Structures are given as structure tokens and as C-alpha cells.
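Each in C-alpha cells, the structures are laid out below.
In what follows, chain A forms one complex with chain B and a second complex with chain C.
Right after this comes the complex of A and B.
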């Protein structure tokens, strides 16, 4: 019944759990239809599908992907989403595109605005990475993929620490913390911020153990002195103790960053989650008011404009 | 004492019989059940020997799954929503209520917790009453009826749980007023001492100030006791039969003609009716 309102025109991607089609609504608005193969799940509805629908229905924001509709046919669940042709990972990897400081600032700002909206609604995203930051045709960045999201509820409740793609996983998650909060998202955004400046992943661990080593080599090993009670976390180990990086080391690492950019990066990647800045503090940071101003979304680099420039 | 605080306290309580009974009556109020004798045309396998009451069914689910109060009682939101969606003359078969409750519990567990039993586990928890396909079907049926709207809002919880919150609130406000009386007495005494002490000098002004203060606080703290919450939500839930009366025959006959994607485990005509409602 509902399906007639939408057309599926082209298959654009297929994963183990969903197929994505491009299509149009009745009013010929471009959309993406994410068809989740619930038929394959002999064990009832997939939890992440329920979560994704639940949170996207609740959240409406310029920097969060819009869920237009949900319908099911042939035992499959279909999410009708707004059409977002690119993602930040593609742009970062495309070395032919040059990022200006204002561009990086603009993407970071839009990410923070989107996550601030999630956090003020007590929702943790738990899977922020460039691949999940989609870009609309007019340049707006939108947070997508709420399959791992959850709401911050009862403080007594245990949370799963096996969340967030490894490279963007915060130290408390690496240590297997069962109680954590929105600070895990801020960490991820900090690492994405670094990646935007470096144009290569900042902390690319090969496995969970190696991730600890890579993280602390770059940012110092947490100790009771800078993170009280860290040693009580389930997976805490400090086999290799690295000193925290000096300001000069960070300056060398991020040669293009201004002092204010470094300040914000440091604030978002504080090891102790209780001392890490929150989304409000990050948004109020001086970095966003110093020159250059954030680039307007429509002027941000994108795959298409770049190709055009090449052919010109 | 605010509803929010009472809700917080409630969510920390262990599951008790009052909660289970309330769930049973809420679930029973959703739909009428037709006795099995008349279910000749029914194409879903008959119940047979596994005739288990809704009460013991729910008790078993709680025992096997070790579900905690917040997840368990959140099902009330889905149950109430479903009750509003179904027409008053909806009629189910013997296990319909069991299926409704189980699917509400599955949705609640999956949408609230990081890890939840899988449907194959839930199937086991039914002690053979339902098979995996029936459990899956019930789950999908419910989420479709809810239009995938599985969000639970605090306001709704406060309304749905009011019968449990009222005693908590009155207990708390009693405690508060006792404490407060103590404080007032303490101040009164100290004021009395003070005014005795400084009677000779400018006693009148100070003592009047103090008595004003105690009067005010007395007023504030006795307020909660006077507040009476409307019982409408409770009474309407517990007296469903008055609402669901006539027109029972037509729903059964259409059971067999139901050719939707999935066969309805919640076996009734509401789909049709729902469509009418929507188009109207």
C-alpha cells in the first residue's frame, strides 16, 4: 500500500543486512530506500533496525538524516530516507580535493550541531565515523546510521562496551567500561576532526589490543593521576606506559592547525571522559569564532564540483 | 512529590505481584477472547493441553527472562496504544492475549536494552505454547500496528503507571511533611527561645518575621497531601468490558478471508477496520 508512493530506481549498495536503492517520492523528491532483509532473520526483527527507526523518528534536525517513512513488504523492512549522495570518508580519501581550514571548521561544526541535538535528547550515537557522516547535494552534513544508538537512561543499567568502530573508540570503551555517556561520541568527533586535518586516519589500530597501544602512544597512557579510578575498569592494562604528548609534539603532528584548533582537539580527546568537553562546550569554543569563518555548506568541496573543475 | 521522582523510585523496585496483576488486566482489556469451542474454522493450530492462564504465562516469562521492572512495565505503553488501535468488538482466540503480551515484551526489551533475548529464546520461554514463526509473526504484527513507533515518553509512563506512583508519592510526601514538621517545631522552639531571650529589647519585629516564615513553609509542604490525581486512567483500564460489547460475530467470519502478508496471530478484523478509519 505504502510502497506505491515510492519508486525504486537503482540499486546503489548492498551489505549483509540491507540493500540501498535510489528512488523518488510521488512528488519526485529524490530519496534513498534502505531495504533491511528482515526476511533473512529467522529470529524476529533485528534490534538495530528497531533502534534506527526509533531514534530517527524522534530526532529532527538539519544535521541528522531525515527518516521520511517506514513500510514493509514481502517480509522486508524499508526505511525511506532523504537522498544523501556522498559521505565524509569519500571526501577525505579523495586526495584531489583540497580542504581549506574553513571547510574543516564547517564540517566539524555541522557534526557537533547534529550530535548536540542527539545528546540534548539523551541519545548516544555510538558509531560516529566519517563513513556515517553523509553529505547532502547542497553540502549539508548529516549524521546517519543510528543502528547502535541508545538512550541514556537509568544510571544503574549496564551498557555494552562493544560499540563504535574501532578507530573511533574512546579509551573508556577500550577498557570495557559498562557505564559511559555522551563523551564517547565527543571522542569520536575529536578523532574525526584530527582525520580531517591529517587526511588519513588518526588512530588506526589493527585489532582491539593494538588500538589501545596506538591510542596511548598518540595521547599518553591513562594513569590514576590524570584519570581517577581508571585502573578499576574491566580491561585496564598499562603494559606500555607512554607520556602524554607535549604541545610542541601536537603542533608538529597537526602543522596546519591553529592554536585554537589544537585547544579544541585536546579538549575533545581528553582521556578521562568526565573531563572531556561536552557538545555545548565544543560548540561554544573560540575555534568557531576565530577567522576564517566556517565555509557555507553550498561552497564546501564535493565530488561533483571537483570533477567539473577538472574538466574545465 | 513529583511524578518524575516517583517514577524513578518505582523503576528501582523489584518486580512484584501487583505489577503482574496490572499487566494481566491491561492485556485482558485489549481484546475479548472467544472460547475455543467455536473456533472450528480457525487455521492456527488449536491450543490443546497447553492451556495456560495469562497470569502464569507472564509469570513464567518474567522468571525465564529475568526482565527488570523498567523493561517489563514499559510494555504498558505498547499495550495501551494497541488497545486504542483495536476496535472495541475485536475478538481473539485463546492465545491472542498471550501473543500480544509477549510481543510487547519483546519490543520493549529490544528497543530499551543493549542486549535482549533472541526470539528463539523467547519461544522457549513460552513453554511450547508458541513456535518461533508465531512469535516472529506476533512481533512483526505489533510493530506494524504501532506504525514502527516504539518510542516511550515519560509523560505516557507517568499516566500509565499512576496507580503505582500514587502510593509512592503519598508515602514520600508524608515523610517530607513529618520531616518538615520537625523542622518547623525546631524553628518555633528556637524562635520562642529567641523571643524570650530578647523580649526586653525589640522582640516584636523578629518574632513576627519568624512566624511568617514557618507559616509559609507549612503551607507549601502540606500542598502535596491535598493533591488528588484523577483516577480516570485506572478505572477505564480495569473496566474494559463495558466498552467492548456488541458485534462479535462478524469478526470471526472474516478470519479465514484474511489474506494479508502474514497471517494474523492476533486473529481479528482490525486491519480492515483500521483501513476504514484511516480513509474516513
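Right after this comes the complex of A and C.
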């Protein structure tokens, strides 16, 4: 039954634990089918596949990837996902595309709306990066890859601190905190915001130790004064003490940012997670109501419009 | 990772080893003699006292400060070719209109390309250079005349830039004038106030309040005036992005959450006492859970962003979540 409902058309990618095919539904809607390899692992299904199914089933929002269906055949687990042809990383790297202030605002807004929906349902994504922010054919940004996501559990439960891709990892995670919350996602979005403005990774650490150094070089070393109890974290160290950046230094680094944009960036990258803004505060920030308005999704730059312009 | 390493070294001055991360304002300059990259402060330091040899090892070409310029292209060979091309087309500056037929014009262009190619690839460069200088000397007047004609054609652009500069100046002047007036006005007001205070027998506080009110009124009127004038000026010069205005004309109002938000919670959270211990006298106005409250004393929890109120808030949210949701009904609408 289910096999006939969807068609697999061509293979588009293969990862360590899944193969991705393009396909269509009965109503000829384009979809992506993620076939999870089973039997490869002694201890059953890969953890990230389970997480992906578990959390995407719960979420439905225009800025979160849609899990259309799950089925199994030949002992394989198949996830039927919405077809999203592009991601933000590709756009950031393509130097021929020019980002207007309204475009950056629109992407940031859609990311925050998507993560607000996750946080409202007490799910932390834990792997936000431009590569995981996919773009639909009509320009909508959707948060994808919930392979590291988890919901907040018991109050005393330990969470792993080895999550989030290094460049987007918040300082509490770098210090090995085991009791963090949704603020880790806000940090990642702040760093993505910076990357959208700079068009190059903001804090590119070469390894975990270097990441601490790069982070604090840019944003100052945390102390008990600006982050109470920080010294109690397992991996806390302050070998190099850097002063927090002055507003003028930030202005120089983000020369195209308005004052409101800087305010929001600073609020999202506060070192102390309890002082960092949450998704509600970020969405209500004046930055989004300041001119220019966020670009409408269908008018956002994309790979395709760029090619069209060239051939015309 | 290798790519990043390269980026780092590209952003470092090889002479003084300043890197861009720490001083984002630094700029690199090159000299068309040898095209070696040197940061601006090194150029100031080494070449301010007159011509000096290039500080790169094994180069030693004598460079002058006034020839240093910003590098436009990443690739030095391209930068050099563009420089040469600029110079050659500055000398061979005839346009198609100057020729009787297309063939002649194409030959002329071919000749330019040959010169540029020879100079940038060091083929017979000495002889080509000599010919170029000879041609320049012979046709000096002609070249100048052509330049004049070309600049006339481009006058529109220049005029636009001039207009923009004028607009800025105008604005600045206006602002300065108004500020000056404000200062004088304030002085006078103060004097008036003093006079009034010393001559009248009325309540001094009333008089001061009145004066303050007057000042406030005036300053807000001033602001409005300034805005109006600015608007007029911009209209007069026909600048400002008209495209943006058009788009905002028919927009729906901005909603940050698009409806995805609980505006009213179904509960009110009691305040949480700061010492986290059971305060027996005030037990009614707070909630005490010995296990969870004890966690709030753990510094490691607190440093990671863990907060007692978040735990309680989540428990309550989860308790009320899904009330009045009827899955069967929702399935019908989807």
C-alpha cells in the first residue's frame, strides 16, 4: 500500500546512516525520502534517526521541515520529508549573491519563528548552523536535521555538553555545562546572524580549545562579575583574559549593521545563558520593525533567480 | 581547516605582523613597481621620509609613497594587467567615431591588445615601452582633446555626485545654524528668567516651571522643523529610494509571531523566595519542592542557565498544554 503512495526518482545523497532520494507523492508533490540504513549497527537504529522521527512528529510550523510520513519496507525505515532544494550555507558562500539588509532580517526572522515553535514545545535543537537551515522553492526558510534535538526532561537530568557544531557552540557548552537550556540555540542563531552580515564564519575555532580562545577574543572572557557561578563549570578555565569588546569595536567589525541590529546581536550573544534573550524577546526586538521591512520569502535571493538573471 | 590558515596569513602584514582580527581597520597597499603587499602603517613608517627600497627580502626596488594604492583584485597578475591597460587606454583613447570604418577601428583595438599583452607578459617590453612613450609625445594634444570630450559625456554622473555632495553640505549648514540659534535662544531665556525672578514678587517655582515648559515646546517644534526641512531638501534633489516606499505601501502589518504564541497563561506563577529554603512563615505565597529547590543551590546548574522558575513554568505549561484540543476534530480540518 504505502509503497505505491510515493515514488523514488533519483538518489541525491548518501550519509553514514541514511540515503536520500527525491520522489513524488500521489498528488505529485515533490518530496525527499530518507532511507535509514538498518542492520549496520549492532545496537539497532541510529540514535539520530529516532530523534528525528520523535521530534518532527510533534512539530508542525511553516519554518520547520515537515515530516510527511514514516514507513518501513524490506526492514528499512523511511522518512518522507518535505523537499527543500537549498540551504543557507550555499547562499552565504556564493559571493555573486548580494544580501540586502531586508533579506538578512527575513532569514533571521524565519529562523527565530521556527526555533520559537520548538522552544515553546520544550524541544532544544542543539545543532543550528547555516547548513541545517534549508530553503524551500518559494523562499521559506525551514529548520531541519533534528538528529541532535531533545526535549527538556527531568529537572536533574544530565544533558550532554558535546552538542552543536563547534563554531556555533555556546560558551556554557564549551565549559562542559550539563544543565543548560534553550539559550544554546539562541547563541547559535546569534552567530548565524553575524555570519549573514559578515559572509564568513564569525568564530571559526580550529579545535575545542581554540574555539574558547576565538570566542572570548571576540566577545570577552567571562568572569564571576558578568557571569555568576561560571567558575563552577567543569571545564572552566581562563588562560587568556580578553576584555569585552567596546561598542565601537563591534561597529567596526559589523560596519553595515544598524544600531538596532547590533543591539539584537549583542542580546543573543550574551555570555551568561541566563541573561541571554529568549526567542520571545528576540522576536519582539525593535530590529524587526525598523526599516527596511523583512523581504518577503518569494523575493529573497536564491541560486535559481541568480542563474536566470545571468542567462537573460 | 587549511583554507582558514590561508585566510589568516592573507590578513597579516608580513613586515610588522599585525593581523586583521585584532585591528580590523588595517588596509594593505601595493606599489605598481613590484606589487608587494605592505600594510598602511608600514608604508607611512618606511616611505614618509622619501623614496626607500622595498622591505621584502630580495626585492629592493626603490618605491615612492605617492605611488602606493589599494589592491583591487586578489590576483596580482590581474591587478598588474589592469594597471597597464588603464595606462595604455589612457594614451590610445580614440573611440569608434574617430574611424571611417569598423576594420580600421578593430585594427586599432588589436594594436592596443598587443601592447597590453607584451607589457604584462614581458615580451619585448623595452621596445614596446619606447614606442608607447613616443606615441604619447607625438599625440599629446589629440589625447587631451579626446579626454575633454569623454568627460563631457560623463558629465551626468559627475553632476549627480556633485549634487549629492551639495545636499550633504546644505544639510550640515542647516543643522549648524539651528544649533547656533538654539544656544542663543537658551541664553536669552536664562537672562529673561533671572530678570523675572528678581523683579516679580510671584512664586519663583511657578516662574521656573513656566519657563521650562516654554523651552520644551520650542525644542519639539524645532525638531519638527528640522525634519520638514530635511524632507524638502531631499525632494528637491530627487534622491531617496522610491522602490522601498512603493513596496511598503501595500503590506500587511508585521506580526512577529504569526499567531504562534500564548498571550495569556492559564496560571500565575508565585514568586520564588531568594534563599530557596522553606520559609515557614510565608509558606502560602510560594511553592516549595524540597528536591527541586535543593538543585537550585547547585552552582554548576545555575552557571549553565538552569533556573528554578523555568522548571516550575515548564511543569505548569505542560500541565495545561493540550487542554481544549480535540485531535479528531483537528484531523478533519487538515
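In the analysis below, the second predicted complex is superposed on the first by the 311 of 312 C-alpha atoms of A that agree within 3 Å, B and C clash if a C-alpha of one lies under 4 Å from a C-alpha of the other, contacts with A are read in each partner's own complex, and residues count from 1 in each chain.
The definition used in the following text is that a residue touches a chain if its C-beta (ideal position, glycine included) is under 8 Å from a C-beta of that chain, and two chains touch if they have at least 3 such contacts.
These figures come from a predicted structure and were not determined experimentally.
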item	value
Clash or fit (per the criteria above) of chain B with chain C on chain A	fit
Most chain A residues touched (candidates chain B, chain C)	C
Which of chain B and chain C A:186 touches, first, second, both or neither	neither
Superposed model, angle subtended at chain A by chain C and chain B (C-alpha, nearest 10 degrees)	150
Touching partner for A:80 - first (chain B), second (chain C), both, neither	neither
Which of chain B and chain C A:204 touches, first, second, both or neither	second
Touched partner set for A:33, first chain B, second chain C, both or neither	neither
Partner chain(s) touched by A:97 [first = chain B, second = chain C, both, neither]	neither
Touched partner set for A:64, first chain B, second chain C, both or neither	neither
Which of chain B and chain C A:44 touches, first, second, both or neither	first
Lowest inter-chain C-alpha distance for chain C and chain B in the superposed arrangement, angstrom	6
Set intersection of chain A contacts, chain C complex versus chain B complex	156
Complex interface listing, chain C residues touching chain A	1, 4, 21, 24-25, 244, 247-248, 251, 254, 256-258, 260-262, 291-292, 295, 298-307, 310-311, 314, 317-318
List of chain A residues in touch with chain B within their complex	38, 42-45, 47, 50-51, 53-54, 57-58, 70, 72-75, 150, 153-154, 156-160
Chain A to chain C touching residues, read off their complex	61-62, 109, 113, 116-117, 120, 122, 152, 155-156, 172, 175, 177-181, 183, 204, 206, 217, 227-234, 249, 252-253, 272-274, 276, 280, 283-284, 288-289, 291-294
Touching residues on chain B, where the partner in the complex is chain A	11-12, 70, 106-107, 110-116, 118-120, 122, 132, 135-136, 139-140, 143-144, 147-151, 261-262
